[in-house]
Structure formats: C-alpha cells, structure tokens
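The first chain written gets the first letter, and so on, giving A, B and C; residue counts start at 1 in each chain.
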Amino acid sequence: MLLLLPQAIVDGFLIGGIYVTIAIGFSLAYGVMHIIDFAVGEWIMLGAFLGFYLNIWTQWDPFFLLPFVFIVFAVIGFVFQPVIHRVLSGKKGNPLLMGLVFTFGLGLMFRGLGLTVFGFYSHSIPSALSANSFFLESGNFFVTIPVIRFAGLVYALSITIMLHYLLKKSDFGLAVRALSQNRDAAGLMGVNAKRTSSYVYGIYVGISAMSGVLIGCIFSISAQMGGDYTVFSFFVVVLAGMGYLSGVPWAAFLLGFVQSFFLIYFNPSYTLLAVFAILYVVLLVSPKGMFAKGV
Amino acid sequence: MRHRNILWFASVLSILLILPLITDDAFFLRIITEAFMWIGLAMAWDVLAGYTGYLNFGHGVFFGIGAYTTAILMMRSEWSFPFALPAAGVVAGIVALFAGLPTLRLKGAYFAIATWALSRAVQQVALVLEITGGPDGMRLPPFLNPKFFYMLMLGIVTATFLLFWFLMERASFGLKVRAIREDESGAMALGLNPTKIKIQAFILSAVPTGILGGMYAYWITFIDPASVLGDLVTDQAVVMAVFGGLGTLFGPIIGAILIFLFKTYFWAYLADYQVLYLIILGLLIALSVVFMPNGLWGTLTGYIGARQALRKGLAVNPQAENETEKGDKTHE
Amino acid sequence: MSDPILRIDSVTKAFGGLHAVDDVSFEIYPGEIIGLIGPNGAGKTTMFNIVSGYYAPTHGRIFFKGENISGKPPYKLAERGIGRTFQVVKPFPGLTVLENVIIASFCRYPQREKATAHAWKILELSGLADRANVSASSLTLAGRKRLEIGKALALEPELLLLDEVVAGLNPTEADQTIELILKLRDQGITILIVEHIMRVIMSISDRVVVLNFGRKIAAGKPEQVAKDPQVVQAYLGGEA
C-alpha cells in the first residue's frame, strides 16, 4: 500500500492544478460581483462539450482548441453578466438572495440543456498526449505521470501566472482589485463597475469552460458532471477563505489529494462525503478558511 | 385568520375530504396525493428561504433521509409504519441541527453551498451503503390503499400548513425570522439570537420534509437514490416556491399546484423529452427572479392590495416613496 | 453617589495594528446623560459597538450593574437592559413600523398580543403612531431615526446608547428628538449619546467624555471640557 503513496501524492498535485484555475476564476467573479455562481459546474460542462464536438469536427488536438473555447465562452459570459447585474441591483426583496436563486436556476437550465443535447452518456476527449506517460523510479517506489496530466498542470500554471500579471500589473487588474475591495469608492474613482464586472465574468466563464475541456481529456465528461465540479469549486474557495486568492492553490491541491487518496486507497464514492466533512470542520473551526483570511 | 379566510379554508378542506368518498379513480387520487406532497415540500422550503432568507439548495436530502429512515426501520428493524413515519421527521430534524450548527452562523452563501454539498455527499453514499440497498434501492411491503394515503397525505400537509400559519403569521416566531432576513446584525441589538432562530427555522423546514419522505417511501413502496435523493426534489421545490412567491404562505401552494399540474401533463404527453423539463424549470426560476421577484402570489396580492389601498385612500405617501428612492441611490 | 450602572475599565480594541479604542476608562451613573464626543475616527462608534456587544474588547473589562459583560453577544446584553441605535439607521425595510417595534418588544413581552400592545405605547411615545402600518422603508429620515429610538426603547433598557440620532434632522425635528431624550432621562433611563452637533451635546449632557485617536483626553462637565486646551486642540487640529 505504501508503494502507492508517491503516486497518490503526484496524482493529487496534478489534478489540483486544474482546480486552482477554476477556483481563481470563481473567486474573481465573486470578488467583483459579490455573488456565488451556482452555475460554475455547468459552465465547465458546456465548455467540455464544446471541446468534445470541436475535436470531432476539426480533428485538432484539444490543446489547440483551448483558446477558441475560451473566446466563445468569454463572449457568452460578457454578454450574460448584465442580466445577473440587473438581478443584483434590484430594489425589491433581497437582491443577494435573488442572485443566488438566479444562478441556481441558470445551472438547472444549463444542465437540462446539456442533457437534451448531449444525452446521458459519458465521453472523453481524445488527445495525442493521452497515449504517453513518464515513469519515475527510485528504489521500490515508482510513479507514473501521464503526459496529459502533466500538460494539465502546465496549463494551470500558465493560466495562473497570466492572471497574476493581469491583476497585479495592468490597469484592468487595478480596477478589478479596487472593485473587490470597495465598490462605491472604486466607482467614485472612475472605475466603470459594469464594464469591469462584465469582463471579469467573461474571463471567469471562459476559464471554467476551458478547464472543462482539460477535465474531458483527463477524466470523462457527461451532461451531469456539473454538480460535482460546483461542489469542488466551492470547496476550494471556502477552504482558501472566500476572496483570499493566495489560499486557493493550497485548498486546490488538498482537494486533489483527497480525490486521489480516495481513488487509490478507499472507495471513490466517499470522496464527496470526505469533501463535505472537511468543509464542515473548516466552517465549524475557522469559517474564514484554512488561513482565516477570507471574508 | 379573519372569518372569510376561515370559511375559505374550511370549504377547501371539506371538498378535499369529500373527494375520496365520491370517486374511486385510483389514478386521479394518486395525482392529488402527489400534489399535496409537493405543496408540503414547497412550503417547507419556503419557511427557510422566503421567511428566513437562507437558501437550502439541498432540501431534497431531508426528503431522502426521511424516506430511507422509514424504509430502513420498517424493513431492517421491523418497526411498524406508525412509528417509522415520525422517526423520519426526527432523523431529518437531527441532521438539520448538525448541518446547521456551523453553517448558519455564517453568511447565506455558505449555507447554500454547504447544503448543496451535503445533498451530493449523501446521494453518493446512499449508492454504496449496504443498508440502503445501494443503487438497487429498497422495496417496502405494498399497502395498496390509495384512499388511506390520500387522507394521510392531506392530514400531514394540512397540519404542516396550520403549523406554519400559526408560527409564521400569528406567533412571534414569524416576525423574528423576518427580522433576521431583513437585517441580522440589527436584529441582535433587539435581543434576537440569529443563530438560534435560524437553526429553529431550519429544523422546522426539515422535519415535515422528512415526514413527507417517509410517507412517500411507504406509499410508492420503492425508493432508490435517484428517486428520493436526486436533485429533482430540490429543484422542483425551489421552482414552486420561487415561482409562486417567496415568503408567503400561499405562494408555494399556488406554485406547487401549477407546476405539478404542468409536470403531470408534460410527463403524459412529452415523456420522450423528459430533460426538456429541467430546462423549463431553470428558465422559470430565472424568469421569475428577473421579471416577477415577488412571485405569482406576491405580484397578484401586491396589485390587488395597491388598488384597495388607493380606493381607501391609504396609499403610501408618494413623497415619502420618492425620498426613499433618493436615499437608496445615494447609497449606491 | 450610587454605584455606576456602566463601568468601562481600561478598554482597548485593536484592529490589526490599529488601536481604535486605546485604554479608555469611564463610569456612568444611573440617571445621567453622558455625551461621548471627539473628532471623526476618534473611536466613538467602536466604543458603542464594544458596550453593546458587537465587538469584544481586546483588553479591559466592561461592567454593567456590577457584572462583567465583556464579550457577551448583543442579544444577551439587550436582554440585560442595554439598548442601542445605529448611526446608519437600520429599520427592517420589508416590515411595517409597528412590526419593527413589536420585534423589539418580544424581548420583554414574548407573547405577541402583549408585545403588540407594548409596541403601540412606544409608538405613541416616539410620535410614530399615525404611521404604524406603513412600511418602514417609506419613512422619512427623521421618521427612521425616531423608529430607531423606538426600537431601542421597546427593549425597556436601563442604559440607552444613542448614536447620532439628531444629525441630519431639521431644527424642528431636532428639538422634538431632544425633548424625547430628556423625557426618557426623566423616566429614569441612563443615556450615553454620541452626537456631532455640539450645541445638542453640550446642552443635554450632564457630563461629557472626549475621545481622540482612541484615547480619552478629557472628561467632566460640558462647560469645563469646552475650555480644556487639549479638547480645543483636538477639534481645531483635527479640522485644520
């Protein structure tokens, strides 16, 4: 059993990378809009299917399709955001509550759409990279690293670094940070809140969709996959501390480890229970995340 | 309740009580029984969502837990139904208590997330446990008496309705939960303990849901994770309450009746396109939120109320209304 | 003199490195009106939040009627007899004015009928009875401030914390509110009041406590404090 330990750790690390990208996009959207998007898993699912069909149609490797999937969904997100904004700026009732209900409804609609168009079957997206693996050996221990998973990690790191630069070095990033810290003051200082929120939402939807394609290469995709990934996204963001971006990688890698440990050592059917149990304990002990730095 | 309302309530109830005496149509009774069930589920969801302002996106888990509790007690421990049914409510209430303790201290989004994750986790676990029969589900001894289930379901839902009516519209509890919904931190200064009140509301919402689940198990005689723990229970309850009108007693009832009728027709004629139903449910939620945030009932009563107020000359001073709007704008 | 109703014993509240309230002590005796003044950011609202239980003090203790109440949650303190208003008024907007006050009345009258009767009395006292059944969000600013006081009063507090209940009102409305405050004092309620308008605070307070940058820089009768060079400096320096 111990022999599999390095494999479990490496797998967890490799899977975790993808969760980092999803959770960072999700956190960004939360930061500027102050709304949890319950449709996050469905964006991942829809992106995955776009990748799947494009791959069949063009026969290109899914890695080359990523930018295209990003653009399509970023545009969808950009066009869509004003609707959410309208709900959130409503005068009647409780806009935040309505916002949550709204994204819940969206998620439901997308899931129905997915099931209608794509049916109940699982698919995977073939990539040339899926065929090969690296082997590492040291004494009795050995680790297999599928090239595709490694490529996934590289993808995740590049997206994260790009986002980091976008946020820290550009005017746009400044506007985003201003918005997530103080909406009113940012507005006074000339940040176009509506436009900036639309861009951020577009970027978030685009990244989620693109990550869906990768998930499709590494695991499998189905119209019902969204719910699990919604839970995973929440898990990472809540564990990291809502809005605390630096905590995201740790939480994401923890999720990756939990997933790979349950896959290798226990029954994967208990993964979600473990995820809930960890979430429960963290909320009980330190509601602001593992580092107590969330909001 | 004013006299006219009591009269309404009594007449509707007596019609519903007489119905099984004049018809033996099992299909018809079954439809009405299921409609009662959905009314109960939508009302129970709304107690927490509409009145208290906390969204439970895993409501179905209490239905499933209730169904499995009754089924397991009857099949594995040989309890009789009259004992196994209340047990369903008790177990659902205990689960709500423990799930609510950490999550209800926090902002609403955390609670919505946690309930959603809980329901997913329980779904997955029910598929692998032996005691639940895994994906094969459980069979209960058939007790084929449609009128018995009609009456029992009517009784449970009516009792739930009266309990909610009393607690939410008459007793102090209804005002307390609304204070929490409107402004939690302000409510604390007035002597209200928000966490305690929210947990009470959560249990109040979970217990009837669990009992309805137990009832469903014995009535349908077959349960599996897909039917009682699937997302559809939550999804439908949410749509019914949101479409009907959050935070009202009648909104979820109206929503439940309309959507259940629609579903029955839909299933009868468009069974090949089942998944279209999800799109319609999702679309209905989204459209309700955008165009009818007070739901069908809230919009109707708001319209009627405004007309009556105008007639009596009680309409809100328009000047004051303007001032609030100005105030709100400066806040933005 | 009798025992103090509220004793603040070297209380400090730090947010990160910032000491919003720094080693402040003072006492309030039953039946007094104490004014808490100081320039913007002096820590007045933080002090209110500590006394009413919204913040736990980082150091120091607070005694209410001889009991240590530091760190007790707001709803416990409301039960014990501390009522407060908020600077940013917080009516429950979706409820009527009457319902707003009924909710506060539950603290002393758990039954709805009795709470309702009590709420009507409070509305009469605070001059809102004619607007009882309108939605709280449709009140004018003056109305909302009165409702805020009404809600705190419905708790039947022994100590009432008033946070800028006069600021923003026109002179007539301000006079009505001052009259109300004096009436409450005559009924035996002890009052701690934060107010920006000096004219008001100086005329109604028995004593004032002056905060600056979280520290207590002066305390005493209004006319003495007004001459205190440190206070004059704090105000002039703060605004220059």
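Here are a few things to note about the model shown:
In this section, contacts are C-beta pairs under 8 Å (C-beta built on N, C-alpha and C of every residue); 3 or more make two chains touch, one makes a residue touch a chain.
None of the values given here were measured: they were computed from a predicted structure.
Path length between chain A and chain C in the touching-chain graph (shortest route): 2.
Interface comparison, B-C versus A-B: the higher count of C-beta contacts falls to A-B.
Averaging C-alpha coordinates per chain and comparing to chain C, the farthest chain turns out to be A.
Averaging Cα coordinates per chain places chain A and chain C 47 Å apart.
For this pair, chain B with chain C, the centres built from the Cα atoms lie 41 Å apart.
Inter-chain centre distance (chain A to chain B, centres taken as mean C-alpha positions): 31 Å.
Residue positions of chain C touching 2 or more other chains: 94. Each of the following residues of chain B touches two or more other chains: 181. Shared contact sites, meaning residues of chain A that touch two or more other chains, fall at 93. Those residues of chain B that touch chain A in the shared complex are 49, 53, 55, 57, 99, 101-103, 105-106, 108-110, 112-114, 116-118, 120-125, 127-128, 181, 231, 235, 238-239, 242, 246, 273, 275-286, 288-290, 293-294, 325, 328, 332. Of all residues in chain A, those touching chain B in their complex are 36, 38, 83, 86-87, 89-94, 96-98, 100-102, 104-113, 115-116, 184, 187, 227-228, 230-231, 234-235, 238, 242, 267, 269-273, 275-277, 279-280, 283-284, 287. Listed in rising order, the residues of chain B touching chain C in the complex are 170-172, 175-176, 178-179, 181-183, 185-194, 316-317, 320-321, 323-324, 327.
Contact residues of chain C toward chain B in the complex are 52-54, 73-75, 78-79, 83-84, 86, 90, 92-95, 99, 102-104, 106-107, 110-112, 115, 134-135, 137-141, 151-152, 154-155.
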